[in-house]
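Structures incoming, each one as structure tokens.
Common to both upcoming complexes is chain A, partnered first by chain B, then by chain C.
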Partner chain A sequence: MAKKKLTLAQKYHIYTRGLDWEPTYVSKKDIYPYAEYEGIKIKDWNKWEDPFRMTIEAYWKYQAEKDRRFYAILDGFIQNQGHLTLSDARYLNSIKLFIQGVTPLEYMAHRGFAFVARHLPGAGPRTAAFFQSMDELRHTQIEVHAGSNFNKYYDGFHSMTHMHDRVWYLSVPKSYFDDAVTAGPFEFVTAISFSFEYALTNLLFVPFMSGAAYNGDTPTMTFGFSAQSDESRHMTLGLQVVKFLLEQHEDNVPIIQQWIDKWWWRGYRLTSLVGAMMDYMLPKRVMSWKESFELYVEDQIIEGLFRDLERYGIRPPLHMEQSIKEKEFLSHDVYWILFSFTFAAAFHSWIPTEAEMEWLAEKYPRTFNQYYRWRYEKAKEAKTPLPGDRFYYIGLPQLCQVCQIPMGFTDPDDPNNFVQRYTEYEGEIYHFCSDGCKWIFEREPEKFVQAWLPVHEIYKGNCFAEPPKGPDDVVPQVLRWYNIQTDNFDYFVSEDYKNWKEWHKDMATVLI
Partner chain B sequence: MAVKALYNYKFPARDRAEVFGDDIIVYAYWLDNPFFCSASAWRVPKNMKWKDFVGQIFGQLYGLDPDFKKVKEWKWYHFDSEFKPDDEKTLSELGLRHKSIVKFKPA
Partner chain C sequence: MAVVETRRERFVAIDLQKTEEGYNVLQAILKDNPGTRIDEFPGYYKVKHPEKLLINRETVESFMGRPWDTQEFNLVIISYAGNFAEWDDDKILIQWDTHM
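Up next, the complex of A and B:
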């Protein structure tokens, strides 16, 4: 008799839970040592409902197909010298930020999900985490491949992993993920699968990828589509994890709530870099940070997701109100920081053109002309001895102990000043950019007192290629340690700009 | 609250005062002037004279602002309390400590 074909659900069950077993000579506790210390209580792992049913067999096929498409488009782009048809070379600075800041996080996500795939006692979520771990590794690879083509022609792409571990602004994404992977498996999945993948990933990927499409960067756009189809799987995992934990035991509710409070704010601070990219670094803009925040956070997350979670006893994250109040300031603050410190960064910045300032004023009628435009006028006057006819902040900034961003977030209630918070813990003082970061510190001070703050590390002498020969040699030795070569300073004095003009000298279409 | 961990989770603070020996980190912040995108950080000797500290931060950074030279006199704060530093006194004599912040604005 012919064997009956299995349904997808049966097949999936055999491929995943069917491979699990009850240990006989080792205790479950010894196999899963991280399962209990976070205080999460699971009554029945079998109540886990698989958010997607993808078998390994289907997974290979599906991902291989996407990779074929991606590499075909990348090859075409390379052979046709596609980089010459970008909107203009300023665009690539957003991709530099992405490759230096986000790509190494994809790799860390791969590691984090591998850890979860090993350490959660439930076979269902372990399998889902395993798929995600592979996804993240694949994302790292295709991003590196997409970036390696640009590395042949442009600065800032040559040393991403080295820079990620050392450079001041990259300590922001690095410390975010280090915080997550040093948490237990349940906090990790809540932090990354839920708070980041579910609540914030649209804010990162959609504007980035539409930005790539608008500015002629087909490899990044294709990578984006490829990754985004995984992201939707990651998002359903994130939501299922949180709902499952909430349903399992009422004692889990306050724990999950605190993780959501913490990781919402951490993720939101991290995505402020995206805000600067969207509003300032894309020559052809898609939408403003504020518009995207309203769409993805206010409409979809607060009005949608958190309404849905109300019945589990979950409320919107603490400090959400503050992020709403900041929406007309955030991107301007962050770009102004990046602009001020471009002498020590592996990307370029520039004074927005008049047309771009008009766009900013139109999108931010209550803030741009009032609080930001004058800074760029002044930056033309306040010259320094460094390359580029403009101001640089010749000094080191005070950093937030938690998010590690220079303390430059405007207080919406006092828009000529930045928020300044501090606390004392075991006789030492700690400073914060916001109530959100201060709250996070006070919840787990033992963790954040260990922060590797780039500014303090420079002052401790830990960031020099060789000991500086004098005060003028300090910054050059830090830059050598960072492996920043000709990647810094204003765009209009950069190799990128010089080359761009040279490559387009016979074309009438170069706008800038 | 405290970190939940499987073991005794206690590590010394990475940037504690003793790491900097006779120096301290002092932050400086020009109030009401967001041209400088954040407060600045300085590693300076505890017994540096106030006038030398001010000379350093104004000379290297704050003097870059074209409006700086219009200011004749400054009003100072240590954290949020107003204070009137004596030029000849040292930072520690003035009560500054590791990771103190001094704020200033035109008087």
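Up next, the complex of A and C:
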């Protein structure tokens, strides 16, 4: 008679706890040196269980299947000249932002979770963190492979890691993850698995990827949904770790609450880039930033998740109300910033078409026509010496010391003003885009005074390929240092647009 | 002044891939969970229920016409809202308010 198969629960137990052991000649403190300094108290690591009950054999089996499906779709897309069937080449500017800004974060997440997988004393969460570390490396790979096909035909895909360490808008995602990986293991897991992956990645990997599908980009849709299916496991890890820590000791509650307060706002500011991508860069749109925020944050996170956490003494993040107030402003503010500084960016921007402005006005009836439409009307009339026959902001912006986004966020309570906050620390003044970022700075000033701010570094002379020959040579030398070549300026004067028109010249219907 | 409009609703949800397998899992969910609502988007279905969503292996198998391992759910899920209260060889249960 054949041996009875192990149940899922038995297998999970054997492959995690069963493979762990008690050290005999080295103290646990020496093995896990980072387990205590954050102040987290754990009584019993065995209380932790992974609801996914993922084991290593199941991991290989299903992840391999996910990858096979992705590469089959990518191959089909490439063989079929799929890039020519996209809705419009403008779409790819959102994917440039993705590959430059998000993909390097996947790699940093791989490193961060490898650290956690080494340093958490419990076998269960260590196993889950190990799987997550492998997931993140795999996400980096499939995203690079999806992007490398577009790199053959379009600008902006050629230099992602080089740019990630240098270019001004990419310091926003870079600084976010640098902040996370320099925290302790418990703060890192709370920041990434819980605050980012449970509360925010849905906005990036679900409605935006649905937008990729709608615009004909099947490889991006496939890596996005595939990645988010791993995120489901990561969300579970984040939620279980947080609940576990809250149940283990009451002293953990205020520590976790502060991390949730900090990392909600950090992650939310980072995700604002997705707002601009969804509302302005997708030629065919699925839902607005505001709609996806209402569905994935207000319903699922505030009404769902945080009501579930009430019993542990956890309340919604400190600055959540501000995020809700900003939902009708955020994407417009961020796209306007990206639009204004496109002369120094590795993507193109454009004035929304009349039909697109109608869509924006319909989705944002209280803000778009009132506060934003006029800017694009003016931008059409303004002339600068730069290519594109429209407005650019020729100058360098004040950056927020914490999120590093230029300080152009509208005050929802006074929409004709931008929010400007500052604080003094050891005789220096530091500027912030919001109360959230100011609060984060004041909690850990010794950390955030060290921020590498791209604008400051340009002024300090640290960002030139060669010393500028005069004032007109400053920006060109910065762009050379960034490795930005023909990747910048308005879409309608770009190589991308020229090529797109050429490739479609024989079509009966003219695409813009 | 900012007018803050919030439209809050409590539900558990699964975001499912719009594929052949995803469709079969969707049918199984609809059969076993009366009161389930579906929102359709390009590339995915969003399945919502005010209290809980149960996926039974046997029901999924009846739609698939083949054996189905509950861990194959990893291949069709995109995201979810709620907690995995149960995940064993025969069923997956998502709901809020579960303890570890």
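Just so it is clear, the second predicted complex is superposed on the first by the 505 of 512 C-alpha atoms of A that agree within 3 Å, B and C clash if a C-alpha of one lies under 4 Å from a C-alpha of the other, contacts with A are read in each partner's own complex, and residues count from 1 in each chain.
Here is the rule we use: a residue touches a chain if its C-beta (ideal position, glycine included) is under 8 Å from a C-beta of that chain, and two chains touch if they have at least 3 such contacts.
All of these numbers come straight from a predicted model, not from anything done at the bench.
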item: First (chain B), second (chain C), both or neither touched by A:429; value: first
item: Touching partner for A:443 - first (chain B), second (chain C), both, neither; value: first
item: Touching partner for A:381 - first (chain B), second (chain C), both, neither; value: first
item: First (chain B), second (chain C), both or neither touched by A:453; value: first
item: Contacts of A:256 with chain B and chain C, given as first, second, both or neither; value: neither
item: Chain B partner contacts - residues on chain A that touch it in the complex; value: 33-34, 37-39, 184, 333, 336-337, 339-341, 371, 375, 378, 381-382, 384, 391, 393-399, 406-408, 410, 416-418, 420, 422, 425-426, 428-431, 442-447, 449-453, 455-456, 459-460
item: Residues of chain C defined as touching chain A within the complex; value: 1-4, 6-13, 15, 17, 41-44, 70-72, 74-89, 96-97, 99-100
item: Residues of chain A touching chain C in the complex; value: 7-9, 47-49, 51-54, 58, 61-62, 65-66, 69, 202, 205-207, 209-214, 221, 225, 228-229, 231-233, 235-236, 239-240, 243-244, 247, 286-287, 294, 298-300, 302-305, 307-308, 321, 324-325, 328, 366, 412-413, 415
item: Chain B to chain A touching residues, read off their complex; value: 1-6, 9-17, 19-20, 25, 27, 29, 31-43, 57, 60-61, 64-66, 79, 97-101
